[in-house]
Amino acid sequence: MRRPGGSGVPLPLLVPAAIGTLFLVLPLLGLVVRAPWSDLGARLAEPGVGQALRLSLLSATLATTASLVLGVPIAWVLARTRTRGRSVLRALVTVPLVLPPVVGGVALFLVLGRQGIVGRWLFETTGVTIPFTTLAVVIAETFVAMPFLVISVEGALRAADARFEDAAATLGADRWTTFRRVTLPLVAPGIAAGAVLCWARALGEFGATITFAGNFPGTTQTMPLAVYLALQSDPEAAIVLSLVLLVVSLATLLLLRDRWLTRSGAAA
Amino acid sequence: MSRRVRLALSVAAVLALTACGGTSAGDAASSASSAAASSAASSSGEDLTGTLTVFAAASLTDVFTDLGDRLEADHPGLDVQFNFAGSSQLATQLTQGAPADVFASANEAQMEVVTDAGLQAADPTVFTENVLEIAVPKGNPAHVTGLADFADPDLTLAVCAPDVPCGAAAQEVFQAAGIDAQPDTQEEDVKAALTKVQLGEVDAALVYATDVQAASGDVEGIEFPEAEQAVNQYPICTLEAAPNPDAAQAFVDLVDSDEGQQALEDAGFRAPTS
Amino acid sequence: MTLCADVTVARGALTVELDVEVADGEVLAVLGPNGAGKSTLLRVLAGLLLPDGGRVAVGRAGGEHDVWDDVAAGVHVPAHERRLGMVFQDHLLFPHLSVADNVAFGLRTRGVRKAPARAAARDWLARVGLAELGDRRPGQLSGGQAQRAALARALVGEPALLLLDEPLSALDARTRLTVRAELRRHLAEYAGSTVLVTHDPVDALALAGRVVVVEEGRVVQAGTPADVSRHPRTDYVARLVGLALLPGTGDGPVVRLDGGGAVAVAEETAGPVFVAVRPESVALYLDPPHGSPRNVWPARLVSATPHGSTVRCELDGEVPLVADVTATAVAELGLTPGTPVWAAVKASEVAVYAR
């Protein structure tokens, strides 16, 4: 007899779930198995590793911050306004999702590069160029990762009861106050989830970064770039770097889940 | 948003996530298996048939595609398939058991990986050479004149990463010339370096003569004497496990022929000096 | 602080055209079935919905009016600039704020400093009997407590206009009774105008000084609760207040019903009239009764629904009626749907009034 409301998973769900999990976990296991454990310590101590890791974490975090500042308002416009161009806007915002990241990098050149539409003006007036700088890394990662945030937050906003915003309006709150004091706290778990997704995507970003920001240790060489280049000459070093990236990102996500996601989740 | 749209978007998200890796080697494996299937059809003395699979360095893409077409034209029953990629990627694929008839490497190191594994049918021979050249945007706006300009921190400069062959060669010439290079970026491959010249985003990049030749409309090449310090020699060999050994030999012969050498020269390669 | 509103709003197929006026201290109940346009009116008054035509104005102390909406003049004051309080059906307390912060919210947005806003919130929480619960989250309150907190939140700023949108309908029957009584007390103390939207006639009768009945976007009847319940003008109102409403033509002591049959009445009438029969005036028999009742009709029992201490029996026959009988009587007569019965009503218990 099955207990009412018991935890039994129906077979049609269990089998694909198990296969899916294996599919996702086995490549990871492959990395762990193939890692050169004997000289791991020496390899980790190489200065390039820490440098690339620091740059990765910094740029992914900055990209997530930029995505929050720019992406949450986009999500709000998509979820809460009835502008005629809304569906076009949504399609445009999700373009980076389907664009091969390398193409995204070239596109960024065409706008922000030294010969780009905006970049040329910037260079001629201030002498500042964006490509091949850490700023370029952050821009490339933001370009690729922000859609993930926008889509998550838009979903959260749509799921949130808009009548709370009506209630706030009858209590004297204008739309900005309502957004800050009611909407934002209500969708905080959704924003947190979107930010995590965005951060993870930014951390793994490769194509747009190496195209638009180039690759130079300490300035623009993030972990995925270091992994890719190590793969050309020293596959074992690539595995070590991959593992470091994995461990750090998993640890960060688990930590956030405990400290942040569950707390904002409880508030809702 | 309707549920269906949301689903489509999340699918798109997943696709974008999976598409962000490097180049794929999937084509190579599938074409190789079809080569194995049809290999029984070819035998010596008769016209070449079946499928010929050539693993070749990415820099050979244009020339070899052209030579492949010529071979197919001479042998209507023959289908020539190429797997163009970085030499190290190809060497890895071959040592992992990818079936192929011919391997043409952009350097001797990666050929050694293959010969060390005993995969060659005959000793490799050098069939062409490639040397570094300075690529500058059309009109040379930064007035780059020679290798010494790579020490100028005010210029925006690209070289290849030391991990890839063109980067290793760049290091050699800088060392030989005693130049402390100040690049702004170490590109993952020579094409990426060239793209940045084409876009005008760097003032100069160190690439191969063949790359300058291929992009001759957009970039200008500047030869420099120190390039002789790092001549890139391209070895080629047929492979022991070749499913179509006759066609493999025919292809290598074509590459070594006057016709093949002329095609290489037109693409910016030069005949082997040694 | 009189409220004057005369607005037109197109809501798909329905056009809402309502004209209401509410004096200071008055409670107006807007009564009507779902989809009649009641909530649309409330949203227009709150400024959450733009009317397609008309005007909304609220009187000020000096006798002048603040115009909140005037479509012709292009005036629209947004919701957050209107001095009003609103209580929603399911309270809509902000889940991420404490109960006290919820109550203080309106004061804070209107520029009151933290400490005085907190103090006012505590004061109002005490008035609605929630003094101890200010630090809780809304999720930790019962339905009745949450609705009290929502009332405190709406009233704390002493708004000119109080809007109540089905404030009791999400509560269970017993809680509704107590909250209704408290609401009545608070409304009696409140100096501004109140508009109460409800589909429950008991709320309307218990809380409002005046009732407008809205059907399909139009006012079909207006008056005091007693007036409306005694003299319903549409079938909906009649059924709502429990009356069977029968249109007919007066012919001396008899009214000939439009639907067929006749009713003996206590006063003589002529011309088109309504005949209203209260359910408790209808007696049921299995055999034709003899004696004093002068109106007896054969009927068939359609349904029997317990309604407080009585059972409401819906009858189908030449004259459709509703009867309230005791549970004992239902058992003794063995009434089940389909049972043929005789319905009897004394002439003196039949209300008759001109159409």
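Each chain gets a letter, A, B and C, in the order it is written, and its residues are counted from 1.
FYI, contacts are C-beta pairs under 8 Å (C-beta built on N, C-alpha and C of every residue); 3 or more make two chains touch, one makes a residue touch a chain.
Bear in mind that the values here come from a model prediction, so they are computed numbers and not experimental data.
Chain centres here are means of the Cα atoms, and by that rule the chain farthest away from chain C is B.
Of all chains shown, A has the CA centroid lying nearest to the centroid of every protein CA atom.
Separation between the centroids of chain A and chain C, computed from CA atoms only, is 53 Å. If you average the Cα atoms of chain A and of chain B, the two centres end up 33 Å apart. Chain B and chain C have Cα centroids separated by 82 Å. On the side of chain A, the complex with chain B involves touching residues 94, 96-101, 106, 109-110, 113-115, 129, 131-132, 144, 147-148, 151, 154-155, 158, 201, 204-207, 210-211, 213-217, 220-221, 225, 228-235.
Only residues 161, 163-164, 166-174, 177-178, 181-182, 185-186, 188, 267-268 of chain A touch chain C when the two sit together in their complex. Residues of chain B that touch chain A in their complex: 1, 6, 9-10, 12-13, 15-17, 19-22, 86, 88, 92, 156, 158, 161-164, 183-188, 192, 195-196, 199-201. Partner chain A is touched in their complex by these residues of chain C: 43, 46-48, 78-82, 84-86, 88, 92, 94-97, 105-106, 109-110, 153-154, 157, 163.
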